[in-house]
């Protein structure tokens, strides 16, 4: 039942314009329209942000949480390249694409969220940077990361597509690929250092909340916990993506690779949980977990999701159960997302009597940007070789494509105005 | 694929070497920069305000004067007939609030709220491009629209919830008390201190005001809460000082330690990123390791190409 | 009017007339109350000092012309509640021509005007009551065969100072209200070569007039005027700023209709259309007829804005006006304001989206094989009814 993944193959037997794809495009278009509205009327009418909660889901969720999900390139990359887990190379393209989309739309969301975006040009004047500011570190580092190493990591898939489609470009492509091979270690190392920096700086952001962030989350180790959470979120999310896309597009699953992903995920979460609970105890704040309030409830919810995820994943591999793997990965993703979201909003009480809830427009813009990302992923997975599969599938794909060309009912018009068949 | 002992040893030594190198470098860096890591210092000509809640009668003349002196439109959003903001906001740089104890047994108190002009401000540390800056001479924290991107991190960072963002329209600003620095430049007092009929809020050099506050405490034992001035040490100290007869937290002044917020929460960030030594060190170690691993991956890829007959995928 | 009388100083005249010094000092006291600031006459001076200064001044000659008026401004001068004050005013100033008050009429009256103007040329104070029609060359008002506008120009050319009393003379008043069929204007639209002091009001307060006249003759100059020619000591603030019912406004206590509880309790009349916030006048502090509380708002009638062009006879009586200088109310926000609110619509959307995602995940996971099923069906392709492109 389990097939070995040997290379990445496009999803070739499914049309691009399916109903779900149209839905995501529609939601994305709606989101973009509402962005225009937000730019005209300002942040107040377009969102639920207020003077107490100056940050809404655009920053706290789309940027701070979703880039955690997009840490697959970082985390799986380190496992594959630093720790030489050869099996994981075949899922790297999926990880890299999801990461790129999460970062691109996380940064785009940041651009929509700031009130005076025209002053972003100071980005290019390093002597005006306030090096103390964690947010500056996040903005600079994320932008450099997404536009350089992460972007470049996605190029090989595109080049491969053009290699297949355009025989005339092959010499150029081969030259470019040589350049890529040469520069690979340099680009890829940057792709691991930069996320380590900004994922931890994302954690440092809420340090300045001080005692207004509940002690169940506030700790000097918040940056470390955030970057470690990014690591297991990257793993879990890519695992879930692989399983979900495998099942909806009828792709064979490689349970060995998935088991490897699971075991690393389990290990990462385990270490993280231990560290989190030890940190809480050492700071003497474990008592707060037993108050009867929202913070304690959310804390235990996080822990529950993650512990249950570990429980499911620990033997999903040996049991060879894709369903268990999916559940485990999904639960781990939710738990990690909760962890990264809570200190920014639910556990952050800037002053008594203040609450925040996103408005409908705010939610629709957030959903819109996520939808665009998903739509692009779907499109890319169908056009480019992103998702892993056995090599046999590649052969099947080529057969399928040539069959398509042969059986086209109407060929193309020749110059003489005659209809020709595809032969 | 199982890891061989050799691989493990190899990894550990490379990793260990990298860590050791990084550690050595970091220690040097730490030692070198430790001296530069002091908390913010009180500027030489630090101005100050002293607000004595026991003298305030809640007349709100300061609110009107502040609005006029700063060219703000009175906030009639809640009540079209009156200037009645509920809190500091983008049209209100100072406000008078009332603490009314619920049971009626405790004393009530008015409180004037505005920017505290902290000695080591969290807002200025948070601001990405230095849009909020503390003046090096007077210590006034002011906003520069040319550098502000509207990220509102200052609103999150300020422990007193002072900076306020204009939420409507497409050209928003951050609005907060700036000590009437234009009036100060002309040799005048800030508008609020100039009009206060009871001299509940007064202006002067911070040190002088601190001494005056302590004198009042000494002359009136038992009158002032905890016999101390709020802002002397709180979060590194502020230039706007408060005296009160009711607990400070009842009039909206949070309980803060003596360490300034940037110093307390960001010192590890500063240390780790100082001169980018740690990141560059990590990068170097990674490049070395990945170059080695790339070679074995290349062999693997070539093997795949031969067996499947398909081009290797980068 | 004999020349001899006009040569006397005010003090000498009062003594000769048998007016008691006490009454005179009382009058000075009233003036002091009228104009505590803005007048050189009253600034920093005690009442006695003022009385002394005024006493030394030569009794000023005043010529009073009527145009399109109702004589209300004259009445306001006379209808003081203490009769002595009225006659006192007439004793302090030498009213050399006044159509309503003088005994003469007809040709005698015209001769009197001629005589008064020539005798006091360059020294008299001209008081103008009523607006001046300009339409059709001023045909709509003739005084003894002469067009009103020409009379004004003639007399004003010889006057030392020109004072418009009342809204009609100040800016046109009642006759100038829409559609202004006679082209009625105020004095300063006709007399443009010398300063005109406007004392609008319908009627205006007589003490304003007295203060301006005495300031001019005693100190030699007119008081500081605003951009509409109104003396600042009386017209620089709006009624709203000094209104005795302001505390009710600040506390949000309004009379909602005439005769209701709030009205009877003397609450603010803003919602009944009081034009106090846009009307410059001193009625709030000075009231009328020397009787406290005798002024429109004081008796429960919302101010109609009788001094202001563009307010009275322009805005509807019960139309509320904007507050230009907004001030804080008589209440206080709590120390911690509440921010934000839970939104049901948004929460529903979140629930819907989360539900959709969870549903999709569950449906997808159901299509993932379980090892027991795979083992049971052997090594077959595990999918339920799906055609995989793969053979195995």
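Here the chain labels run A, B and C in written order, and each chain numbers its own residues starting at 1.
The rule is short, and it goes like this: a contact is a pair of C-beta atoms (placed from the backbone, for glycine too) under 8 Å apart; a residue touches a chain by one contact, two chains touch by 3 or more.
Here the structure is a predicted model, which means the values were calculated and not measured.
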Chain ID, smallest distance between chain and overall C-alpha centroids: B
Winner on C-beta contact pairs when B-C is weighed against A-C: A-C
Farthest-lying chain, centroid of Cα atoms versus that of chain A: C
Distance from the mean Cα position of chain B to that of chain A, given in whole angstrom: 31
Cα-centroid distance, chain B relative to chain C, in whole angstrom: 49
Chain centre separation (chain A, chain C; CA means) in Å: 67
Chain A residues counted as touching two or more neighbouring chains: 50-52, 351
Residues of chain C engaged with two or more neighbouring chains: 336-337, 339
Multi-partner residues of chain B (at least 2 other chains): 87, 252
Complex contact set, residues of chain A against chain C: 1, 3, 12-13, 48, 50-53, 243-244, 247-248, 250, 252, 319-323, 326-327, 330, 351-360, 362-364, 367, 390, 392-393, 396-397, 400
Touching residues on chain C, where the partner in the complex is chain B: 249-250, 252, 270, 323, 326-329, 331-337, 339
List of chain A residues in touch with chain B within their complex: 6-8, 39-45, 49-52, 54-55, 81-87, 89, 93, 113-117, 119-120, 122, 128-137, 139, 156-157, 159-160, 163, 177, 180-181, 184-186, 188-190, 192-193, 196-197, 201, 204-205, 207-212, 220, 223, 350-351, 385, 391, 394
Complex interface listing, chain B residues touching chain A: 1, 3, 7, 11, 87-89, 122, 124-131, 145-153, 155-157, 159, 161, 164-172, 252, 254-256, 261-262, 264-266, 268-270, 273, 279, 282-283, 286-287, 289-291, 293-294, 296-297, 300, 304, 308, 310-311, 313-314
Chain C contact footprint on chain B (complex, rising order): 58, 60, 63-64, 74, 76, 79, 81-87, 95-100, 110-111, 250-252
